[in-house]
Amino acid sequence: MSGSSYFSVLTLAAGTVLVCAVAILWLASIRAVISMVAVQGASLGLVAVVLGVHLHDAGLLAAAAVVVVVKAVVIPVLLGRASGSDSGSRESRPLVNVPASLVASAALIVLAFVTGRGVAHFVGTRAGALVPIGIATMLIGFFVLVARRRPTFQIVGLLMVDNGIALTAFLCTAGFPFLIELGVSFDVLLGVVVLMVLSQRLRLEFGDVDLDELQELHD
Amino acid sequence: MLLMTILVLPLLGGTAVALGRGRTWSAWAAVASNGGALALGIIAAVRVLREGPLSGARGTLRADALSVFMVIVIGAISLLASWLGVRTPARAPEDGHRNPERSAVYGVLVQAFVGFMILAVLAANVGVLWVAVEATTIVTAFLVGFRRTRGSLEASWKYIVICSVGIALAFLGTVFVYLAALHAGGHSAHALDWTSLMAHARHFDPSLMRLAFGLLVLGYGTKVGLAPMHTWLPDAHSQAPAPVSALMSGVLLTVAFYAILRFKAVTDVALGPGFARTLLVIVGLLSLALAASLLIAQRDYKRMLAYSSIEHMGLIALGAAAGIRLAIAAVLLHILGHGLAKSVLFLTSGEILTAEGTSRIDGVRSLVARRPALGGLFGVGLVALLGLPPFSLFTSELVMVRAEFEVGLGWAAVLAMVAMVVVFIAVVGHARHMLLGPSGPPRPAGSSGVTAPPPRWVAAPLIGGLVVCGFIGVFAWPLSGLLAAAARVVAT
Amino acid sequence: MSTGWSITSMSAISLLQVVLVIVGGPLLLGFMRKVRCRMEGRVGPPVHQPLLDLRKMAGRERTRPEHASWVFPLAPVVLVATTLVVAAVAPLLATDPAFGWSADLFAVVFLLLLGSVSLALGALDTGTAFGGMGASRAMTIGALAEPALLVAILALSVPAHSSNLPTIIIRSLAHPAWLATPERVLALVAFVIVIVAESGRLPVDNPSTHLELTMIHEAMMLEYAGPDLALVKLAESMRLVVLFTLLADLFVPWGIATSPGPWHLAVALASTAGKLVVLGAALAVFEVTVAKLRLFRVPELLAGAFVLATLAVLSTLVVP
Amino acid sequence: MTAALLVATALMGLAGTAAGAIAPVRFRIALSSALTIAACALGFVVGAEVLHSGHAAVVHTTTLMPLASFSLALDRFGALFVVITAVVGICAMIFRFGYDGQGLASRTASSILPLFVTSLLLVPAASNVTTFLFLWELMAITSLLLVLTDHARRSEVQVAGQWYAVMTQLGAAALILGLVLLATRSGSQSFAVIAVRSAHLPAWVRSTAFVLAVVGFGSKAGAVPLHVWLPRAHPEAPGPVSALMSAAMVNLGVYGIVRVGMGLLSGGPAWWWLLVMGLGALSAMFGSLHSATSKDLKRLLAYSTTDNVGLMLLGVGASGLFADTGHRALALLALVAALLHVVFHAVFKGSLFLSASSVHQAAGSTDLDQLGGLLRRMPVSGPIFLVGGLAIAALPPFCGFVSEWLLLQSMLHGLPSGDVAIAVAMPIGVGVLALTGGLTAFTFTKAIGIGLLGLPRTQDAERAGEVGRPMWIGAGLLAVLCLVFGVAPFLVIPSVVDAAGAVPGLHLAGALTRGWNVALPGVPGMLAPGLVAIGLVGFGGLVALGRHLVQQRPVRLTEAWGCGRELQTVRMEYTATSFGEPLTRVFEDVLSPARDVDVSHLAESRYYTEAAVIHTTIDDAFERRVYRPADRMLVRWGAVARRVPNGSVHRYLAFGLVALIVVLVVLA
């Protein structure tokens, strides 16, 4: 495909990742959030595909496939099943309410673009120019971890951090050698699985918990 | 080949456990496998010293002096931990009787844990290193939550969330290093190998490396338990079964620190020693101050041990900050000494917990008089941990202070010394209440009737660990060569 | 510095000094008592009355509280012995008694201290309340008097570059100007206060009291009887003489025999007697005019002495 | 030769440790003590040989101390301390054959005690920083464990142990920093090299190192204000241990100050030594005051240790001051006086502590108000304590007298040197010496008079009997030495002069002894302790004879008269508290005693009191004013810090986010 269209698609995909992140911050219902995660995973995969096509990098395409399978299909499905039992459960009263979160995310995005500029400039490629988006996604994910009470939301936050970093990785270095990429995605998957198992157990042990009820352990 | 064997042995032990459905003999098989790993590690060390770095599995594994030293540390402590772990699953409060598949799961996970740690230190490639470290997080998450109590679940949740985030940051850092490497003309396949990183580090982009190392310290620092991302550590260490705490505190932290050491070497080549030094001094002092302040009013002896781990990681960070060979050698000696002492202490505290039924400091009284074996072990372990002779922590701390003075970090050494005195005061205060005092009647409340001293085969490895810790503190010859070589790997 | 002194003459001098102290002590006490009585308008007992008292006591039976240990009978002996050692070696009449070279001021102080300690121990050995009381008070005063005494000695020793008694005396004979130097005067006052305190005279202690609760020195000898009591009393008077003589020889050394020969000794004897009479009279008069201090005012007195002595030392350093 | 013996000493001590650890119960004490005695004997031989020949015993190996090297070099100065430790150790161990109280018989104790003695023996030989600190800390930890042996029965022991641990660690920290600073700045670990190069170091380095060393060694020596552990730990330790701590370990603090200040740094500005003298004066006054007013025998002894350390430091400080102002002979004289006091203090304090714990075992208490009348019940241990008490009170003809006399002389002859610092320091020094001398006499009159004389105050004291032979032999040997050294100081003084001469730049014109006498070279100043002793005995004999002649009738044993009081009961006896009362009143402002009177009234009418009890408690001003507030501050800080990690995972993650943002902002 031509350079311009390649870049616009790339931008679009990367942008979607970020938009999904902001949306997740906005949404309260878990189902909607999970679908957003799926979309984010898909668009991350798209980024990988586009880059792979552009650079004629088979390894990258394979990585893209892995990413799509893991992050756009498997994990959302698992999440959906896990949170199926407590259907319709919502992040009713987040630690930071939605408007404030959105403002914060705006601030984080600005921060990402300020701090990411150096890296972007260093990478030099047009794809590299999009690195700040990855960093922003990561930061927002982190923010979700800090600001949301429900276990599922923390899993999602973690995923967002991962996606953001993966995005950065794709944009900077067109991904890692395939094996490592595989290992990374596998780790992410396992991590999410473990977290979901844990959240199941939490629910079994003490019913429907908010995480900040878990303050039994401290000095 | 040798390296492969070292890597596979613990996993073999794990499979044995799986096949043996966690029966006692299989647990012993696991112990044996870890022992074998230790033995092979020593052999590897000898070979490395004689013929230089080994490599295996078509270059994905590489062992220089530093790696084999870490292998020895891992082997030794996993031997201790799995030995004491033979009867741990039966100790899980909610099922007093031995529960086969749970003990099987336990054994397998522990062995996998050990395996991944060995992989981490033997990996030739920083990507593989990262994968291995993250894998340890996942494996241990179950182990931390193994007892399925509310506390343990909470702890494991915090543990995995915080550590995953941290490790993710480390990954970002790795990405940037990779980027720098590619731009410095490394070949993409091997650009992330330690050797090529060290080779090309001269040409890395400074600003990028600065950011990368910052992220790496923050990320791997999370697993090391360095402030400010240490927060998972006290919870996890206090909730996990004793052998797991021993493994985590004794080796996992230092395996993560191994990564920082490696990257520090790269950064030093790229940026000169100043930058990494500043960063490590900051986190080191931060961790020390934090550990000291939180030990003062500590009420739980397992958390006390956990915070002392944070303290020692801070010390190690300071030592690494000094960076000269002497300092690195001391850091490594400290890693070994702390590993031994701390794992013995955690294992002992596990015994104390099962005997006394509480992990609260004010719940345990006059231990020396009532349970001489446990009290004695705990006391001696604390003596070792507080850096008193003849234990090796004394020597290593002293040498670290020396090195810090030599590179002009004297002021940091002074601050560290102040923190250590505070720690000493706090720990001595707590220990006094736990250990000393008249032997009243053994308190029926809570204590699960286990008043018999631990059987010999339990006490033996603990005593052995302390003896070794004291031995390497006095006698130089077994280690000096290896330490020097290992220091040469990462110190200019 | 044994210039032209033969061993015999030196030991003769020592012997003479011992006799002087043994006999002179009681006489001095008697003399002082006489003076007091005269001033109070009474006749008073003869001057040699204390000697008669001693003889009387010597004839009495010795007793010992049944639970007291061997320390009790030993104490008076040690008390007397220490005083005699001082009397023998210190230059009282001549600058060179036997072993005069070993007569060191500090040593003298420690010897006398040994005496006081042994008496206190003897008193405590009786286990009576009064014994303990006396010992406690005496030792307190002693402890507080010692710094003043030693620093005063220091003040005297500095200009002589020695704390050796004969040396000090000879050198101050060589430099008459020292008599008037400020440090001498200050040290003198300190010395007098300390001597009064040490020898248990008014205003620190009233030797002739019969009210136990005010006793210090007397309280310690309550349990002694017969020869033991005689020894304690004797020692008391001997210490007074020794201290007075030392005081006199240190501050007004003229008259002391610096070279051998009976003539010199006679002069020395006369001058010493004269000095003792003067000092004794002065102290007696003083005692008549003052009242006994409350026990807890005594430390103030001694602290004053200490300050004076320190000033003396400092002035030795600024003056030359 | 000597090197081999030195190694043998160490090995023998370790053998004792092993014996204590593994020997069967029946032989445990005997075997470990015997081996320890052997170690001490070897140490004595080494020390004596080195003192005599002046050839240092050197041992060096790099197989011992990882990342450093292990090296010993025992010179004359160190040898003196080795000899002292050896003698005290031998006596303490003989004592121990008969003494197994206070949990000293346990396997732990009997394996650690030899190790403690060994470290005591080796510390003065250490000749590089790592070795020194290693042995020093080994000494600290072993002594701590020994202090704790009786923890199960007395809670005071735990408190004492905690104080000791903390204070000794504070000292160790200061020491590590100071020595490491020196070592790194002069580019070598070895004392010898440091001693050569330290002259070229910048002044601030030298001064910092010295001050840190003074703090470190001061805390071990129990110098005020770092003394607070001493009056707690020494009394609580088992008899032989407390003797070793007070008579051997404390000396090493003085050793260290001299070694660093005069050896490694080869002297320094006047203010260093004025600091040392100041500490000394403070310790002497404070210690003697507290020992004069405390009523527990071992606590009293502990405070008097602080007092004597003060005197030693006075001497050391004076010596340094003289050396700084160029009076080398005087400097040596002062140092000799200080070291001589170290020797003699070891002797009499050893015998005192040992016999005090004999009393403890016999009468079941060391509280003076629980004792009394023991001299008759303990016909050997009693006199031993008496001798020790007279010696420490510097009374002729015992040894304390000689060293105090030398101290006084050195100060006296320093005075005319015309230097202002000296002119101010010396009179104060003499004043302090005199005051402490007086107070010590007071103290031990009390200790002996209340503890050993009079009537027994309790049933236990009433039933007390003489202790086993090994115990009084152990204590007695030291008591005999008190007398021997007091009569014939020429036996030790030359060696002490040699030891002091090993300190660079000090030398004496002529010998310090003439025949049996102590004579100052150059100036007319002589002490004839032998003569004094003969005089005392001679005149005493004559007087006693006279008394016997004038009155042959046998002594009549009577009920004490007590001015006609009805009968003699214990309650009428003076107690230690009442004995110390006048002094307490005099120094009220310093001691600020807490008095509480509780009066119980008769049931019928509250106008008549049934009983009135007065308690006077004197606690340590420094403990009250300095250490407890500091402790409170620490605790408060800990309470504040606890609230930060409140267990919320969100807060923890927030820390991370902030950290990440900081990293991004700063580094990107």
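In this document, chain identifiers A, B, C and D correspond to the written order of the chains, with residue numbering beginning at 1 in each.
Rule of thumb we're sticking to: contacts are C-beta pairs under 8 Å (C-beta built on N, C-alpha and C of every residue); 3 or more make two chains touch, one makes a residue touch a chain.
Small disclaimer: the values here were computed from a predicted structure and weren't measured.
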The pair of chains with the most residue-pair contacts is C-D
Expressed in whole Å, how far the mean CA point of chain B lies from that of chain D is 43
In whole angstrom, the CA-centroid distance of chain B from chain C equals 77
Taking each chain's centre as the mean of its CA atoms, chain C sits from chain D at a distance in Å of 35
Note: chain B sits from chain A at a C-alpha centroid distance in Å of 31
Among chain B residues, those touching two or more other chains are 157-158, 161, 165, 207, 211, 234-235, 294, 297
Where chain A touches two or more other chains at once, the residues are 118-119, 142, 145, 154, 211, 214, 216-217, 219
Check: chain D positions touching at least 2 other chains come out as 642, 645, 647, 649, 653, 656, 660, 664, 668
Pairwise touch list, complete, is A-B, A-D, B-D, C-D
Note: in the complex, chain A contacts chain D through residues 95, 111, 115-116, 118-119, 135, 139, 142-143, 145-147, 149, 154, 211-212, 214-219
Per the touch rule, the chain C residues reaching chain D in their complex are 1, 58-71, 73, 76-78, 80-82, 84-85, 88-89, 99, 101-102, 104, 106-107, 110-111, 113-114, 116-117, 120-121, 123-133, 135-137, 139-140, 142-151, 154, 157-158, 161-164, 167, 212, 222-223, 226-228, 231, 295-296, 299, 306, 310, 313-314, 316-317, 320
As the complex stands, chain B meets chain A at residues 125, 127-128, 130-131, 134-135, 137-138, 141-142, 145, 148, 150-151, 153-158, 160-161, 164-165, 168, 171-172, 175-176, 178-179, 182-183, 188-189, 192, 205, 207-208, 211, 234-235, 238-239, 294, 297-300, 303
Note: in the complex, chain D contacts chain B through residues 62-68, 108, 130, 133-134, 137-138, 140-141, 148, 151-153, 155, 157-158, 161-162, 165-166, 169-170, 173, 176-177, 180-181, 183-184, 634-635, 637-639, 641-642, 645, 647, 649, 652-653, 655-656, 658-660, 663-664, 666-668
In the complex, the residues of chain D that touch chain C are 292, 372-373, 375-376, 382, 386, 390, 393-396, 401, 404-405, 408-409, 411-413, 415-416, 418, 423, 427, 430-431, 433-435, 437-439, 441-442, 445-446, 448-450, 452-455, 517, 523-528, 531-532, 535-536, 539-540, 543-544, 547, 550-551, 553, 555-563, 565, 568, 572-574, 578-583, 585-586
